[in-house]
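Look at the two complexes coming up: subunit A is in both, with subunit B in one and subunit C in the other.
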Partner chain A sequence: MAMLEISDLHVSYGAINAVRGVSFQMDKGEIVALIGSNGAGKSTILRTISGLEHARSGSIKFQGTELTKMKAHKIVELGIAHVPEGRRVFPKLTVTENLHMGANLIKDKQVIKDSLERVFTIFPRLKEREKQAAGTLSGGEQQMLALGRALMTNGSLLMLDEPSMGLAPIIVEDIFRIIRQINESGTSILLIEQNAFLALNTASHAYVLETGRISMEGPSKELLADDRVKAAYLGA
Partner chain B sequence: MATILQYLVYGLQLGSVYALLALGYTMVYGIVGMINFAHGDFLMIGAMGTYFIAKLFEGQRIDGTYPMLIVGVIILIAMLGTGGIAVGTEAIAYRPLRNKPRMIALITAVGVSMFLENFPRALPFIGPNPRSFPTLFTPTSFLVLGASITSTQIIMILLAAITMAALYFVVNRTKIGGQMRAVSMDKDAASLMGINVNRVISITFFIGGALAAVSGICYASAYPQVDVYMGSWLGNMSFVAAVLGGIGDIRGAMLGGFILGIAQIFATAINSTFGYAVGFIILIIILLVKPAGIMGKLVVEKV
Partner chain C sequence: MKKLLKTFYPALLVVALYIAVTLLRSVGILNGYYIQVMMFAGINIMMTASLNLVNGFTGQFCIGHAGFMSLGAYGAAIVTTMLFKNVPAFAQIPVFLLGLFVGGCVAALIGALIGLPSLKLKGDYLAIVTLAFGEIVRAILRLIQPIGGARGMIGIPNYANLAWILFFMTLTLYLLRNLIYSPYGRAFIAIRDNEIAADAMGIDTTRYKITSFCIAAFIAGVAGGLYAHVLAFIQPDSFSFTKSSDFLVYLYAGGSGSLTGSILGAALLTVLPEILRFLTDWRLAVYAAILVIVMLYRSEGLCGGKELPFMRISRAALYEKPLFGGRKKDSAVSGKQ
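Moving on, here comes the complex of A and B:
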């Protein structure tokens, strides 16, 4: 059984149909990418999975549980961690306080301590800035914090919305190395990227979104070689 | 000297009324970004409620006042009841409008305020007439440096201080306080952390309502008369106090409340009609010098 299974999902904002009949699935341990241009509906799909938007129709099943009627804070409990677009760290809280927010649902103090240590091992930069207010961090550091905060929830599926946005290429490289590392330790990853080249080189499988519909799908390697993908998203 | 001290005590007493009420305005603004114009009416509900609860305990009355324990129970019931009404108000009137343009919630709040004032007015057992607030405990007067201070004043100022200290502790040191701060900064991100945003907002309204009840009891102990419109004026003054201190900031609301209370008492002493104006004069001056209020920071959006 697929870990995440989305079938015929429709989402609209008022009269605008942002997502029109999207179906896809991913297995445990995979990195799956959704690529497509601005406004294709990628973020809306992630926001609907985590309960921030409501589906008009269709179904989202995570490990057999239907998510479309659930509240966002309940979905987190099932093990879905979402790093939203624009990072959305809590600007006036310190780095450590932000990370503790991620562990909001975890009762066991030892587990929280271990997760915190794990995050600081992955991102030594965050350790250095422990007591600093998150709003004063650089964009790259905020992205690390947003990732770290999501890891603190100990979810089994991590959804990333444009992790490369607004970051210098060298930092993007760093972030994506860490994303692969997180995946290797067993977390499944659903990745949204405008940078299709980066996404296809990270994911094993990818879906191309165009105005709310999936127009192409396949193993990333095949899509990388596809002429239409090359022309539209890889600038070749 | 004695006169100044005397006024200062009156000022602190009125200031704690404003501060407690201003906290409700500022917390609700901080967390949902709306001005709850009905908040002053929670003060009225708290004071009016206390009047009726005290009546229920009439059998316990000795020499026209109540034993300390009973007073504690009366205040607690009033706080819980007013908090509950505040939670209900949010759930019925504000929650359905949360994602609508802000102006809609603002107008609704004005409507809720009118309802909360005029519905009890229409009830036969409440009605429009003012009632005299019961004396909760035996007042004893002390002479301190020539100023006369009553035990009621001391107890009410202490009650306000303890309530505010407790609030400060809750917001800054507890898990629910952390969740409140997270929700005030970013509701979506907070719910992605597994925080039940609706629950946190309900708790905020509950705390605001409970503080308003304490505020109402403090006020009615000093000026022992309650009527359905008493919350309207006090609410406006406390809203001014919250803006003065920097709306959204808890310490600012406390500070603004005390500044306003003390200034109003001193100004009234100079000229009795000047007292009410002074709050607004201070507000205008502060806003000219520091538009975000004393403790407020103008937010510069980082993109």
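Moving on, here comes the complex of A and C:
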């Protein structure tokens, strides 16, 4: 059974239909990418999965549980962690406090301590800035913090919304190396990315969205070689 | 011993203040007028600090805080005026406390009732709802004849004195400080800083917003009860929007997101108009000018989000505690993985 199964999902903002009949699925341990231009509905899909938006119709099943009627905080409890677009750290809280917010549903002190250690091993930079207010970090560090905070939930599915946005290319490379590393340790990843080349090189499988519909799908390698994808998204 | 001292020295400061005031009064330097100004300052500190919890720490915008104050004032006054005549002197303290408690509960309950639908909304909607709420409470109180209607309620026992007010003020500040530096407080701040991220971290934002709102309403209710028992007379029009805006001024002039700021803002701005009385008609103009200057040069308020040491708890110690330890066991996570 697929880990995440979305069928015929429709989401609208008032009269505007942002997502019109999207269906896709992903398996455990995969990195799946959703690519497409601005306004294609990528972020809306992630926001609907994590309960921040409500679906008009269709279903989202995560490990067999229907998510469309659930509240956002309940969905986190099921093991879906969402790194929203634009990082969204808590600027007035310190780095450690931000990370603790990610673990706020976990009771076991030892588990929290272990996750904290794991995050600090993955992101040594965060360890250095432990006591600093998150608002004073650089853009790349804030993205690392947002990633680390999502890891603190100990979820089995990590959803990333534009992790490369507004970051210098060298930092982007760093972030994507870490994303692969997180995936290798067993977390499944659903990735949204405007940088299609980067996304296709990271993901095993990808879906191309156009105005709320999936226009193409397939293994990333095939999409990378596809002429239409090349022309529209890879600038070749 | 050292730890005890550290915990209680702010309270000891308040006790010292009280003793000093009592001494100064007995030698005739301070008269009843000064004492009353101090009592209002104490009540205003409670109001401002509780408003700070909602506006400054949870990032909501409540502009009808006087509405909760009036509910508490009437709730407490009704209890004490009904019961005081019928109980012996030694039972007056419990009746007084019961009155304050009832006042607080009424305010918190109504706070929950209006908070449930409106806190799900974002941004300005809450401001509009709370503004309307304050006015509706006032309009309804004006219509209820048994408690005096628009003429107001008289014959409330003049029971609250400076000691009671300082006691409740200190209690309020301790409670709010400990709350803000608890995991609960961190959730409030997270909601203020970024509600979407807080949601995505599994914080039940609506629940925390309502919690913060109800606690603030309860404290405002108790402060209202004290107010009623200082003046021995209350009328619906004392709790108009002007009163709510006073607390907003105290809050933002002192610095929202800082309890020290609430203490400073409320205390200074309660005393200032009294000090300026010698200016007669120019008093309010000068008061306004001072506010404008404060906001021009310190737009974050006097304290700008910072706290004095005794209003702060080391956050390092908090990491030792599990977060949200009191919440229900969640089997969903462990069961499904």
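What we mean here is this: the second predicted complex is superposed on the first by the 236 of 236 C-alpha atoms of A that agree within 3 Å, B and C clash if a C-alpha of one lies under 4 Å from a C-alpha of the other, contacts with A are read in each partner's own complex, and residues count from 1 in each chain.
Simple rule for what comes next: contacts are C-beta pairs under 8 Å (C-beta built on N, C-alpha and C of every residue); 3 or more make two chains touch, one makes a residue touch a chain.
Keep in mind it's a predicted model, so treat the numbers as computed, not measured.
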After lining up the shared chain so the two structures overlap, which partner does A:S215 touch, if you call subunit B first and subunit C second: first, second, both or neither?
neither
For A:N104, is the partner it touches subunit B (first), subunit C (second), both, or none of the two (neither)?
both
In the overlaid three-chain picture, which partner chain does A:N201 touch, first (subunit B) or second (subunit C), both, or neither?
neither
Touching A:S23 in the superposition: subunit B (first), subunit C (second), both, neither?
neither
Could you tell me if A:Q63 is touching subunit B, subunit C, both of them or neither one (first, second, both, neither)?
second
Quick check for you: in the superposed arrangement, does A:L52 touch first (subunit B), second (subunit C), both or neither?
both
Subunit B or subunit C, by number of subunit A residues touched
C
For A:S12, select first, second, both or neither according to whether it touches subunit B, subunit C, the two together, or no partner.
neither
Touched partner set for A:Q132, first subunit B, second subunit C, both or neither
neither
Taking the superposition as given, does A:S37 touch the first partner, subunit B, the second, subunit C, both, or neither?
neither
Shared subunit A surface residues [contacts with subunit B and with subunit C]:
50-52, 71-73, 76-77, 81-82, 84, 88-93, 97, 100-102, 104-105, 149-150, 153
Under the touch definition given earlier, write down the residues of subunit A that touch subunit C in their complex.
50-52, 63, 65, 71-74, 76-79, 81-84, 88-94, 96-97, 100-109, 112, 146, 149-150, 153-154, 156
Complex interface listing, subunit A residues touching subunit B:
50-52, 71-73, 76-77, 81-82, 84, 88-93, 97, 100-102, 104-105, 135, 149-150, 153
Under the definition above, what is the set of subunit C residues touching subunit A in their complex?
183, 186-187, 189-190, 192-194, 196-205, 257, 305, 315, 319, 322-325, 327, 329-330, 332-333, 336-337
Please output the residues of subunit B touching subunit A within their complex, sorted ascending.
175, 178-179, 181-182, 185-186, 188-197, 302
